[in-house]
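All remarks here apply to the structure that follows.
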Amino acid sequence: MRNGTTAPDYPALLERIAADVAPLVGSGTPAEYIPALAGVDPYQFGMAVADLDGNVHGVGDWRVPFSAQSVTKVFALALALAEGGDSLWERVGREPSGNPFNSLVQLEYENGIPRNPFINAGALVVTDRLQTLTGDASSELLEFLRQESGNPDLGFDAEVAASEHEHGDRNAAVAHFMASYGNIDNPVPALLDHYFWQCSIETSCADLALAAGFLARHGIRADGTRLLTRSEAKQINAVMLTCGTYDAAGEFAYRVGLPGKSGVGGGIVAVVPGLCTLAVWSPGLDRRGNSVVGVAALDRFTTLTGLSVF
Amino acid sequence: MRNGTTAPDYPALLERIAADVAPLVGSGTPAEYIPALAGVDPYQFGMAVADLDGNVHGVGDWRVPFSAQSVTKVFALALALAEGGDSLWERVGREPSGNPFNSLVQLEYENGIPRNPFINAGALVVTDRLQTLTGDASSELLEFLRQESGNPDLGFDAEVAASEHEHGDRNAAVAHFMASYGNIDNPVPALLDHYFWQCSIETSCADLALAAGFLARHGIRADGTRLLTRSEAKQINAVMLTCGTYDAAGEFAYRVGLPGKSGVGGGIVAVVPGLCTLAVWSPGLDRRGNSVVGVAALDRFTTLTGLSVF
Amino acid sequence: MRNGTTAPDYPALLERIAADVAPLVGSGTPAEYIPALAGVDPYQFGMAVADLDGNVHGVGDWRVPFSAQSVTKVFALALALAEGGDSLWERVGREPSGNPFNSLVQLEYENGIPRNPFINAGALVVTDRLQTLTGDASSELLEFLRQESGNPDLGFDAEVAASEHEHGDRNAAVAHFMASYGNIDNPVPALLDHYFWQCSIETSCADLALAAGFLARHGIRADGTRLLTRSEAKQINAVMLTCGTYDAAGEFAYRVGLPGKSGVGGGIVAVVPGLCTLAVWSPGLDRRGNSVVGVAALDRFTTLTGLSVF
Amino acid sequence: MRNGTTAPDYPALLERIAADVAPLVGSGTPAEYIPALAGVDPYQFGMAVADLDGNVHGVGDWRVPFSAQSVTKVFALALALAEGGDSLWERVGREPSGNPFNSLVQLEYENGIPRNPFINAGALVVTDRLQTLTGDASSELLEFLRQESGNPDLGFDAEVAASEHEHGDRNAAVAHFMASYGNIDNPVPALLDHYFWQCSIETSCADLALAAGFLARHGIRADGTRLLTRSEAKQINAVMLTCGTYDAAGEFAYRVGLPGKSGVGGGIVAVVPGLCTLAVWSPGLDRRGNSVVGVAALDRFTTLTGLSVF
């Protein structure tokens, strides 16, 4: 924790940010690869901040549920580390992956070991590990999110899961490819099921900001028990900063300067270690798959508070 | 600058770090691709810290000159931005590059635009830009380092430059390849000359810590004048964090958690924005090309001071 | 047919070839990726020649059944062209593929269109097409082979098919990957089933030499009806010459100089258009997956007869 | 030589072919990467046939000189084999290369050994070898072409050579890249000079058909002495068939069915081993870099004579 940093006045700050980004709301394009996401109203925006004690503040559509998608990868990673420990890193790296076009050739070059847990290949390995450890990866993940967010109503979106499945050939290709290198333990169809259910979990900004609290608390859960070692929490934050926003990690590091993880549903979670967690949502994406208004709002946050790393 | 952060007691801290890493000194393997580097005594270690006011503290071989190599890429980037502004980013990206094996195919896929200014392709573009802007890139860079370090004796190492040239076919390939896309303005042989001279500059830890001060001072030079906008200084720090340590940026982010740039001479520069700059040197490299003892010493620094980003 | 070429004395020729390659029998290594193939006795060799009228001559183990594997790709291609015509070439190319390491990146670069019908990706497209055209690709293929060889006892090897399935993750990855580009019409699991059954068909040299006769007869089947246009038969022969022997097509062209298709079971079919067809079998493979003794025997054939193309 | 094949009536045949392709003349687009080629009148067409005794027949612009470009690669290969023998094949392969986009990654994957002598990388290795063997590769090659064609007026086109040099960054990149693997013996700038001069040689169809005669005569030169062993001549013909027409070798094999080598100047040389050699020229290229009318004319030749391989 940073010595002497005083917490900002979050409600005022959030109002200010909402006003600043208001002209942008509606920008970008919602994800189009599955109908369930393509139909979302792009004129929505919400943002929430949760402090270390679990107090949460929000603005706009901060209590509206949306499809968490890849944001769930952070929580799956945390659970897999908590349940199974550091041996996970023998099966997935922690380095940025370069641009996406070569994910398969990179997998081939590196013998089926994905570069990091936030590209799809790496997330599949994480879910595979979680499945082996728990026997029911997606349900465990949902239960974890319910507990950390304090929201027992969190659930899967069956329509989204079915839609993911129907358009899931590329993920299936990646999973079988890694299986051919012995880096998938469970049957690929079962793994894909859990993966698509995982992606379909619906959460609000409030839920996500609270659920990510353990990353600001250096590994301590909402109930005060320890989920991760301090070192493991650091690992996750570092991977978020360098790999959390698809092929825009460098841009995100420069503009926002915080560990963050985005999803194609338009959500982003970010962490100020030792101080607070942020969640922001707006469905319109930029060409790299990150929420246009979400990135802008986080940019405003660090600019206004001086909490940027750099 | 972080509110309320008090500066550590640097001399005591450096002694402590030196003691902690002493058992490691001699580990790793000096760079072997040119004889001038391969012959360096690996049992050397130095570390220096410079505060915002230009006071510098050191331990071990902190005044011994060594081959700065890729550490110079940070300074060349700063000069190119200072002289020519943001249009540089049209010719080089700011994203991590993934593993090195595919640098050429990535260049091809992205039409001759390198991923970032710290891979060799990107550094060649930066030097090319600097050459166009100044007419004598390597001399301008040397002069800049002399001024910022306050050391008028800094110079090139002609033997190293010649050796780089002799083993420079891969850099020549990359430069010609980018030229075929119109992304090199100067004649390739002249560009390579400046690039090899740049890599050969000899500096000590003291020199580097002082010379990098403008990155901790958000763009202000040693003489109080402005070199870069605050935004440009942030850009460089962000690129250092995500791309500064070859294919170990994720690992470095996790272990050290500071913007840093390494060189195959065994040197590393790191920045605590708003507080201080660090330079560390020990010739033995790990398999990814970063100084084994250097990374360990920076790891100790952030662990002991709590100054890590995460 | 070549004007004036007189047919060799096949029985004497085969005896001569068998004697010439006898010292080599047992060389190479049987395919090891599935147990059913790895256990085959490598000290077997057979060769058969069938003339245009369906007379067949043989030597050695020329009536012993073995796993046809990729040799079946020629027959599947012929059937798919016969049933569905040239539109197949919109979904698969006719160019060599370079070395195998980059099959996936090449598929990605070329939007899911495989380079030719003899790499696995292309063969999967052919089987997919055949499945759409016939509703039961593997049974149709088996029936076709029975008719052309005149051997009603030809059948699948269930153990081999099951073994292929168990080790089929890479083929599954390729199929799903092409499906993600819309280049697979049938459900991937069903397609893979047919593909693995297809590979498992057992044939002898006698069967294969007879069954391939339509390629020497410019498209005319054993019963005198037309299967393919003359142009289609030429297409298949050309693709065999340039793409039929994995990453050794150039070597095969130089040494043998005939259109040929090999399989990892150790079989090879070759064609002297207008004159005869050849089948050869010996389980030991070279490092590129072609039968060591098989290639040597075909080499002797063209050397002794002067029938080489070059 | 094929037993019993009677030579066609060449003059009548050539007239017929010229009439057949007349509607196509002017199709395609002359090479545009250098001005000297882009400016050529596309409405030109010539074709020549030379028999084994050096009698040559022609039609159209068969005596008009044009830029031989990559057609010279066949002759450089023959000379390098003649002068230095089979050890050349340790430095360059004989397999097709797949599509051109991945030439550099393939070079990297295969440690600087090009796939075959007809891609640019491979041709550079051949010229490098010839330079080492003779001390003046381009002059030796020109002299060889003069002798075999019987035309002492053959020469370089200095404008084309200069233009190639000016646009030669990609070739320079490839040469330096191979040099970094130790697969280039001569200084890269000198090698490139010889390579660009080689490409600039001007020849007519008559010259090329005569000069290639040794490939139809199984290695015997115009003066009756032996240039290559029979085996080496076969090697070259096989490499021409599988690799001689850029990324259209499969298409060329199917349509023409003869060993052939094309150049971006619009020329193509083809060989009927044991019977004759063909040269055809028309500047308009298809999208893969082969002469549209040239391929059509060769297609007619094999269709009308039945001399196709398949």
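Residue numbering begins at 1 within each chain, and the chains themselves are lettered A, B, C and D in the order written.
The definition used in the following text is that a contact is a pair of C-beta atoms (placed from the backbone, for glycine too) under 8 Å apart; a residue touches a chain by one contact, two chains touch by 3 or more.
Remember, predicted model here, so these are calculated numbers, not experimental data.
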{"item": "Taking each chain's C-alpha mean as its centre, the one farthest from chain A", "value": "D"}
{"item": "Distance between chain centroids, defined by C-alpha means - chain A, chain D (Å)", "value": "56"}
{"item": "Separation of mean Cα positions, chain D and chain B [Å, integer]", "value": "49"}
{"item": "Centroid spacing, where centroids are CA-atom means, of chain C and chain D in whole angstrom", "value": "32"}
{"item": "Shared-contact residues (touching 2 or more other chains) in chain B", "value": "101-102, 105"}
{"item": "Every chain pair meeting the contact rule", "value": "A-B, A-C, B-D, C-D"}
{"item": "Chain B-facing residues of chain D, complex", "value": "101-102, 104-105, 108, 169-170, 172-177, 179-180, 188"}
{"item": "Chain D residues touching chain C - in the complex, by the definition given at the top", "value": "2-6, 93-99, 101-102, 105-106, 109-110, 115-116, 233-235, 237-239, 241-243, 247-251, 253-254, 257, 259, 273, 306, 308-310"}
